[in-house]
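In what follows, a single structure is set out as structure tokens and then discussed.
Chain naming follows the written order as A, B, C and D, and within any one chain the residues start at number 1.
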Amino acid sequence: MPGSSFGRFLTVGTFGESHGVAVGAVADGIPPGLEISEADVQKELDRRRPGQSDLTTPRKEADRVAFLSGVFEGKTTGTPMAMMLRNTNVRSSDYGEIVDKFRPGHADYTYLQKYGFRDWRRSGRASGRETAARVAAGAVARKWLSEKGVVILAYVKAAAGIECTSFDAGVIERNPMRACDMAAAEKMELRVRELIEMGDSAGGLIECRVNGLPPGLGDPVFDKLEADLGKAVLSIGAVRGFEIGAGFAAAGMTGSEHNDAMDSDGFLSNNAGGIIGGISTGQELIFRAAVKPTSSISVPQTTRNLDGDTVEIRTEGRHDPIICPRIVPVVEAMAALVLMDHWLGQRALRGREPGA
Amino acid sequence: MPGSSFGRFLTVGTFGESHGVAVGAVADGIPPGLEISEADVQKELDRRRPGQSDLTTPRKEADRVAFLSGVFEGKTTGTPMAMMLRNTNVRSSDYGEIVDKFRPGHADYTYLQKYGFRDWRRSGRASGRETAARVAAGAVARKWLSEKGVVILAYVKAAAGIECTSFDAGVIERNPMRACDMAAAEKMELRVRELIEMGDSAGGLIECRVNGLPPGLGDPVFDKLEADLGKAVLSIGAVRGFEIGAGFAAAGMTGSEHNDAMDSDGFLSNNAGGIIGGISTGQELIFRAAVKPTSSISVPQTTRNLDGDTVEIRTEGRHDPIICPRIVPVVEAMAALVLMDHWLGQRALRGREPGA
Amino acid sequence: MPGSSFGRFLTVGTFGESHGVAVGAVADGIPPGLEISEADVQKELDRRRPGQSDLTTPRKEADRVAFLSGVFEGKTTGTPMAMMLRNTNVRSSDYGEIVDKFRPGHADYTYLQKYGFRDWRRSGRASGRETAARVAAGAVARKWLSEKGVVILAYVKAAAGIECTSFDAGVIERNPMRACDMAAAEKMELRVRELIEMGDSAGGLIECRVNGLPPGLGDPVFDKLEADLGKAVLSIGAVRGFEIGAGFAAAGMTGSEHNDAMDSDGFLSNNAGGIIGGISTGQELIFRAAVKPTSSISVPQTTRNLDGDTVEIRTEGRHDPIICPRIVPVVEAMAALVLMDHWLGQRALRGREPGA
Amino acid sequence: MPGSSFGRFLTVGTFGESHGVAVGAVADGIPPGLEISEADVQKELDRRRPGQSDLTTPRKEADRVAFLSGVFEGKTTGTPMAMMLRNTNVRSSDYGEIVDKFRPGHADYTYLQKYGFRDWRRSGRASGRETAARVAAGAVARKWLSEKGVVILAYVKAAAGIECTSFDAGVIERNPMRACDMAAAEKMELRVRELIEMGDSAGGLIECRVNGLPPGLGDPVFDKLEADLGKAVLSIGAVRGFEIGAGFAAAGMTGSEHNDAMDSDGFLSNNAGGIIGGISTGQELIFRAAVKPTSSISVPQTTRNLDGDTVEIRTEGRHDPIICPRIVPVVEAMAALVLMDHWLGQRALRGREPGA
């Protein structure tokens, strides 16, 4: 299994480069009978799509999904579901100086080291565009989980140095930052516009909450639920950190502060973030991801070219000053894939629905 | 693959419960010809063993490893290497009240939910004891990597609220905290002793550095090197967060601050922590893990029993007031397994040693 | 890994139903740098395509392959190679009575049992059309192996009750039966034409020889080379038996007859068929597959409908009177995928090319 | 997954060499709550054990199984079940001339090619002894399946050139050949005794029937039920061929002969052997395996030594003149593992027991 597939009971493989013919996903293991349409998937893709606001790259990609297999008469058949998004905005002429210079923060140098091969059409598989395929597959998992009562919600918790201090689920899709606090969102926007002016970029923090999960999902050893979620989220290009529940703050707590007590009604706190011993508790699952600032900036940077010379580079053109708002649906998608995978695994183990 | 195995090219499965007959590991995919002895493995196990100092649990476990297969005349044969550690200190009489009460912070409740089954002998697979099997397998991977010039070093960076402010590799194994700063280590010890008095426990931060890694290890999509490292580390019982390079701090940086520039001599900084686009750069690899405070404390806590009643619990007896010093070798082991796995994968892809 | 992917180091997943939008394959793990074009793949697909002669179904499928990813400037990049074949001849009107009757010999009944779902558009995933995706992926593996000096050749050894008594590689692609003996091929054709007249069908025996394979490929236990070849070949729809080397005849031999002696020049015989202890010997690899007669016949048959009533069925329309000639390239493709997979695995184990 | 593990939802890994410390198996994915004892497993191991009659090798191996994990209070816990058999009869002095000569029919030569390493203690992983670990794991699967009403029965159908002409399940365990026909068994014995006199060996045919299987097990594409059974059986050392239902005879039949008609009561025949389109029909599952004559014979043979010289070899000492009777329980074990694996997979797909 050489690196482009994910999951054990629900397996998703993605294919495609940012500047090739298409990107796509094949999801195998989806149970038969789920009602799903291209519109259901498109809805999620539109949240990841470039060009949603002036805070995202103006690159125009229709990101129109087409189902190639696995659905018949509006329902999944139980066989692999292939989905494809043709690349429509592939301008081979606009590569310019990146053809022979390694862009700082990008995978140009490491790709060459790994493959011994230079795909000068920007980032190939390392492009954020690959995540469109994940969102497509995740949309199916999300719909399946939603029919089980599971609700997944991610949002920007901090960006460009500004933190949300309140949480209102209702505002998330109503501000271009996808922040959970409208006042903070406005400050973030202002700061991001300043960075655009400077040709620079910003990072941020994404939080994800999952409600309606039954207890008992996850494995006690390597495939702990938080380990699989961590891998899933850390496999998203710009993510540099992952924490569950109290997370890094737990390192500074005492056991009596951190332990979640129970009584006859259930848990009295949730420092664990909904997972103990690798297995879901049935509480709200809550985790966070640290997102680095976008690597493509137009500030001049020092780098090296293919000949090994020191050169200057300015990454002109279309790029996101902050990628967080577009990563929100990717985080949700990856969470959905992990949770559905473990749900199916638990069905294999017990022969019935978890929590039943 | 139901949750107890790890890795694709080098696969390690562990077995065993803390209070059963034995714990062990089977490592498949180790190339033939590696010189390895039980003493090589024992050396690492001794670093994880309980009873190393008065800051660890006094539970006595010899943790004596026996090779069952895969080694002939002092060298690996290329076939599965099975290693076993018999449990010697299994006192079935000392379970006391934990038999029917859910211990806060432990997997007692979630195990029952997952398996519909109550193993009242403490934590079963969720026990920290399972990590001895990982350390055994990791010791083999570590030796293999060391012959390639790869050096893995983990240590405590912060504990019990005290942070290291200097780094001296030479002191790590010379203080019971395995901290990288002797002055900080002494303060940590004092604080931990206070917590012992109070029947409470502490968490901390572990940092790991890997040197000598060639560029080109890791996959660009799901199996990014940081994603696999993250999963590996998050699968260690008490770990609640993982970050690579600048990690969570990256969320507050700008692109021009975070991007690692290059010149003709190489990279000029290492905010990426040695991985860009999921693939190693050839620089030092650096990541951190947040470790929660030990769940077993003797402070009285509120919990629930099997009948669903609210009850009080005090986890008497043998436990670690802080688990960080003993997790250090586990982190190193998991890092070694991930790195060797990717190394072998790169050999499959390119047909020769990476970096060659 | 829910059933639609194959291989460990080279993983191939297929998707698509016979009467859906498209069928396709995604091959992950192909090393970078292989020169490959759609024409290379098309050449193999044309050998599997319907309508090659009047002995195959007249169903018209262009079977035109399109590369979606993984190839840049005529070479593989090392990332997943997705290939798609659109279904062009999907006549939804011609299903007729098969909509509610189980066709004998087809998977109609078992699919309903498995999925609880009736896809009345003929065979869905169980269609022979799925094998086009295998041939596409196999063509890439074949090209890769051919550059290593490995030559894979399959042909019809017996069909419709007539056996080849000579072997001439040169005639295989020059008779519509793909038989290795021209005189036998003519008799086969005559017999098949008689069966067409009767509305009946025939089976046959396919043999495959691989030359140029280095010794050392295959694993000693579960993933023996013959076990993986056996699975690969038995996963082709109509195959009901597999044997390697002397195969079933070995059951009647003595050890002194069957053992392949060696001398200083090498092996003196090849009853083992090129694999001993699951590992290639470096000799010619030789195996055979038994192919059942095509299930679709126009002779009236007794069956059951969805209501459980006994009914008569006549599968009118387009079908192959014998599928063997079209399975020949599928057998070659599956052999290529297995051999390349083990080749890559051996590179992971040893860090260099096998046989080097 | 480097070759020593098997199965997707139920994963079994084996370890150990014939002349090392122990052989063993780790089975992961066994649902919690199955009542199982070492005696249940021992019963199956005793059927595989050497020294059952004077027709098997007199090598004395107690083959005493010990459970290391995964069972608590007589029931499986849902966590990995490790089982170990210590090697008791390891005489390092009796290797004699095999130390530097390649034994014909054995994996000595191919192992050296694969691993670049000479384990001169006979066959290492390639030894039939490894199958004891499979029988141990298979015994658990078999017990689990038996509680679902599934009965697996294998027996010798032909041996040493003599075929059974009747079938009586009651005689199988009452003759040392494990043949299904007592009269044939007696002839087989006579013939085998003649071969013992001559220092030669015999092969045979094993047939396996499974009753009580629900319809719907198996996957339509690569993981067809017959493909997984074929791989499982072909991974047993001496097996050289596999066929399902009519098998190789199907190659000579017409469609009207081979198709299994149905009526309102069910299927009217079973040429398919209980699997159509890769999925179980709910009928009796029936398959056969061709077993080669034992490679170890005391007839002098020509071979090569490590220096490449032509030499003569006589494999003195303890060996089976025919391995078939001892492979019967191994075939049953492998069938049990495959069927349970697919059963669990079907639970994941549908969320309930198959057939329910």
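The rule we apply is simple: contacts are C-beta pairs under 8 Å (C-beta built on N, C-alpha and C of every residue); 3 or more make two chains touch, one makes a residue touch a chain.
Nothing here was measured: the structure is a model prediction, and the numbers come from that model.
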Centroid comparison with subunit A (C-alpha atoms), farthest chain: D
Chain pair with the higher count of C-beta pairs in contact (A-D, C-D): C-D
Distance from the mean Cα position of subunit D to that of subunit C, given in whole angstrom: 26
Gap in Å, rounded to a whole number, between the CA centres of subunit D and subunit B: 38
Geometric centre distance via CA averages, subunit D-subunit A, whole Å: 45
Multi-partner residues of subunit D (at least 2 other chains): 1-5, 8-9, 14, 29, 32, 78-79, 114-116, 124-125, 220, 345, 348-350
Interface residues, subunit D side, partner subunit B - complex: 1-5, 8-11, 13-17, 20-24, 26, 28-29, 32-33, 66-70, 72, 75, 77-82, 84, 114-117, 119, 121, 124-125
Residue ranges of subunit A in contact with subunit B within the complex: 1-6, 8, 14, 102, 104-107, 109-111, 113-116, 123-126, 130, 158-159, 161, 195, 200-205, 214-224, 226-228, 230-232, 234-235, 237, 240-264, 268, 272-273, 275-282, 290-297, 299, 301-304, 308-310, 345-346, 348-350
Touch list for subunit C against partner subunit B, complex: 1, 8-9, 29, 31-32, 78-79, 220, 344-345, 347-353
